[in-house]
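Look for chain A in each of the two complexes below; its partner is chain B in the first and chain C in the second.
So, the complex of A and B:
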């Protein structure tokens, strides 16, 4: 855990700041005052930039969500919360809502499963281990647009390389991305491929932190593989897994380009998730109001994850 | 590990290893092989796994396009500028967050770190409106500025996880010897966190190199695009030039992959904070 390293060698991460200042008692006041100033100077640029580029735009999104803004129609009128009730009455909202949940849960869950499998394979010595490890990380290192295009090639109904697998099995070529029922799942599978290495690396690092003596002791006591895994390994990996779940959920929820490049939210808007509908409403339909409303609702959902994130980070003394 | 070597276990391991390899390699093979296939072969159904008549034509024609170099140059400029700015501003802020005490430090830190969680799509509209109002659409420095919104939070988050683990005794010794707080940071903390800075810089580079949404929004003219949006030129309305597209994709992906494989160990520790012991 984060804090343990710091406190183990007696160092408070924030630092025993008084020691130095007390050395010259007379200068104590001016020193601490100048340190305050230095502190604000140091973090000032980042804070100001984020205020201008993150906080202000967010406030503007919130504000705009109360208006009907459609520049093409020269419209900009206050509608209050009516915009939200109209939106919630629209079936597309519920499609996006359900899709976003399915997308996030399925991608994170499957990435975790494949990542565990990868860690299980790599967590032992064998010839060529470094090579397999490097190979298995590659999907994560490939730019999202490229990964999306590669998977479009795989799914292509005419020349798609998926036929190499489905053909011999007697399955006719499937237009995975062209059907409302399967398009989102097609992207989910591609995103699992792209993102699982992060999980694999996290789990590998966590496995190395499992105390070997405990594993051996449990094995000697007659615990089977499953028992050792559940009672010894899982508990000591739990904090890492929790922070990983939160981080990857947020990344996945916010992930734009894979869905956009592979399906553009289609066919017939069946595979939209929040980020893609926000883009589509604003830059295709030029409806900035609805776009902002989707953005506000997606941020309220993210807020739940953010609270978990801060709580976990606090617990492991990372914040 | 003791007692883990049973026959059944070995078989299970072997099956898992093969499944893992198949899953990872299947898409990669087609990415590579399509980039070496001549046009006729690209349209075969069922497709060939390895090119029967491998050719470099796709690379030649991707590189032969003037626009490709334009995209590449834009990508490099925007990515390098963002990385340098992000690391220098971010390192200075991390100095404040890890080494100085001032009122509101914790609150500001939480705010900065929470910036990581904001969906870019949610700030895309107002950022577009701001840039549009100022006449900054199609102006690449404005794109760099927008990228800082995305890169600064993660930069501070990662740098902090490296820098806070550098013992303060070293700086204190320097300060007793007459060094200023800032001087001690510059001469001791920064050099000691060089590997962490390198990992953070590579990660920022990697994020910006593939960023897609902001380029889509902040550029309208083709000559201002960067690679992620630019390579989609090969995707036609009715037909996609898969060979050229995959060749261009390879050229775009290789630098990112190399950087990534080198830094991945430190990256994980930095992203998940100290919750993973190295």
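So, the complex of A and C:
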């Protein structure tokens, strides 16, 4: 690896110039300084934009989370961390917290499992594979809101496709989205359907990177299918899978429209996750304080995932 | 070097154009108005035509944007909170107190002083729905009432019921609904609950009809836990027996589809549903009647509808006021309202021309009461809906759901004081 990186530097036109710069310092100092200035000028506007669009709102949200901000009640008072302790004492917070964990783990886990199975099927050559590969991508290509509307219809206890299947089997109509125990799971399955093609593509791509000769060698040495999978294929796909898990976890944690369109967080507020409650608090109830507190806690949780992501990204760079 | 300079120039130009786009100057004489589409009817065309007339009359431009209800609700609040609201605000009655509390909408008392517009020309409930803390925040645009009863006359005949004598009390309603139910092919009632404000309205209306109050003005406590409110919730629950499974997840529009597709014989819906039935099921032989009431009660509906207000951040408040008067006047009201005109004279003519049972509807609009006019109504509505959903899901009895939920409702009311 190191060797390859070195040779890549070798063909970089910047390389030799740097060496020359050391020889005649004065003239080149000003030259490299002007180049640095140019660099700052080039990235400057982008950095400023990022500050305005990312850093400022972030700090503002942190600040606002320490206030009771409810414009309709003319409230804008500093409450410090009391706002957080009140929030944590509210059962809705724990519903949201647990739901968000269940939602993220179940969606990512099932998407991964289904996507992996799909990838193994589509990795084998068979007639019509191109067509199936194309069709399998469809759920991922459909806009989230459309998919959510379609799944609402599928679950409809009167006219839904699900009842058309379960009805003749003697299963009574299920009101999947209308009951607190099942509403979130109804959305989870819809989200798995929507997102598994992404995993299928990732795993398909990763499968290409598995050295064929190792697989063959292992098979000749008597490793069974499971053995080959566990000891040869999985290790070489692991970095891709790890990053995939972290990325899809972040996306899923923040995925708003499926839950909002299908259940609006109901019934009895039983299917809220962080993004939907943040939205409800801010734009329905005009409670910017609670909304910011939910947002800050949600961001801290995401930060944990992000740290994993950065570590993994470094690791795979080092490979 | 040249290439780098070029890249720098491009980056800066791009950034500059982004920033410039964001602060581009507005045309000074453009009035912005966001409206909505609420039933299957030609209202949008009529509103556009009215706007063109207004433009000619005042030599200005009006930027009219039409949204569905939920989008309007979200976008308008977001825009108001970030000082970017349109000049003229179309506010659902239940939003007025929230907007007034937050200072997003301008009081119009001073403007009213010299104007022709008079409170008594409008339905009292509609006019007062824009009156918050001693100030008038808008003029009524249109009104609706939750709910009236739509019923399928052919199904009544087939079930041996008299289609000209629809049920008037809960007892009669439940008996008729039982006779009309032949699951899974036909149901007595197109039951719905769902997530919006409609289920609150139906519960409120049944509470009003039993002589109760949602917020008792004498005590400033909720009346939903009092006998009239409890009875209304129990009847709501009872009615689910005559509808298809899954009422809690089904919203009012899904319920409407059950009625127009011939799956259910009775539907509770706002009085403006006739246009939609005419579009979706033109051959449906149906009647409209008062919402059935408890024994000895009077049918009092729950008000819905919209008010027009002026954004407190508007640069063209005088022009916006002209637009309000123009839109709330008798002639325009007959053409451009989504629901029934709020102006009494316009409503009389409108109902006579466009509705079956115009007198019954007029009477309902005249008697209806509005939902709590408190700035934190969204909190109240959600807590109320949670009680309703819990009771209807059957995990707890209506009485128990209320016992556990009423203190929370009273806390929300207290916060608003």
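As a convention for this text, the second predicted complex is superposed on the first by the 291 of 319 C-alpha atoms of A that agree within 3 Å, B and C clash if a C-alpha of one lies under 4 Å from a C-alpha of the other, contacts with A are read in each partner's own complex, and residues count from 1 in each chain.
We adopt the following convention: a residue touches a chain if its C-beta (ideal position, glycine included) is under 8 Å from a C-beta of that chain, and two chains touch if they have at least 3 such contacts.
Only a predicted model underlies this, so the values are computations on that prediction, with no experimental measurement involved.
Bringing the complexes onto one copy of chain A puts chain B in a clash with chain C.
Contacts of A:158 after superposition: both chain B and chain C are touched. In the superposition on chain A, contact is made by A:38 with both chain B and chain C.
When the two structures are aligned on the shared chain, A:49 is found in touch with chain B and with chain C.
Once the two complexes are overlaid on the shared chain, A:202 sits against chain B while remaining clear of chain C. In the superposition on chain A, A:309 contacts chain B only, with no contact to chain C.
Counted by residues of chain A touched, the larger count belongs to B, out of chain B and chain C.
Of the two partner chains placed around the shared chain by superposition, chain C is the only one that A:172 touches, whereas chain B remains out of contact.
In the superposed pair of complexes, A:216 makes contact with chain B only, with no contact to chain C.
Of the two partner chains placed around the shared chain by superposition, chain B and chain C are both touched by A:283. By the touch criterion defined above, A:180 lies against chain C but remains apart from chain B after alignment on the C-alpha atoms of chain A. Residue overlap on chain A between the chain B contacts of one complex and the chain C contacts of the other covers 38, 41-42, 45-46, 49, 158, 283. Contacts from chain A toward chain B in the complex involve residues 1-6, 9, 11, 13-17, 19-20, 23, 35-36, 38-43, 45-47, 49-50, 53-58, 60-61, 64, 114, 117-118, 120-121, 124, 132, 134-147, 149-151, 153-154, 158-161, 163-164, 167, 193, 198, 201-202, 205-206, 208-209, 212, 215-216, 219-220, 225, 239-240, 243-244, 247, 250, 253-254, 256-257, 260-261, 274-276, 278-279, 282-283, 288, 291-292, 295-296, 298-299, 302, 305-306, 309-310, 313, 316-319.
Residues 38, 41-42, 45-46, 48-49, 70-74, 155-158, 172-173, 175-180, 183, 263-264, 266-269, 283-287 of chain A touch chain C in their complex. The touching residues of chain B, when paired with chain A in their complex, are 1-4, 9, 13, 16-17, 19-21, 23-28, 30-31, 34, 42-47, 49, 89-90, 92-93, 95-103, 105, 108-130, 145-146, 148-149, 152-153, 156, 161, 164-165, 167-169, 172, 175-176, 181-182, 206, 209-210, 212-213, 216-217, 228-229, 231-232, 235, 242, 245-246, 249, 252-253, 256-257, 259-261, 264, 268-269, 271-278.
By the touch criterion given at the top, residues 4-5, 7-8, 11-12, 15-16, 18, 73-74, 77-78, 81, 97-99, 101-103, 193, 195, 244-250, 254, 258, 263, 375-376, 378-379, 382, 385-386, 389-390, 393, 415-416 of chain C touch chain A in their complex.
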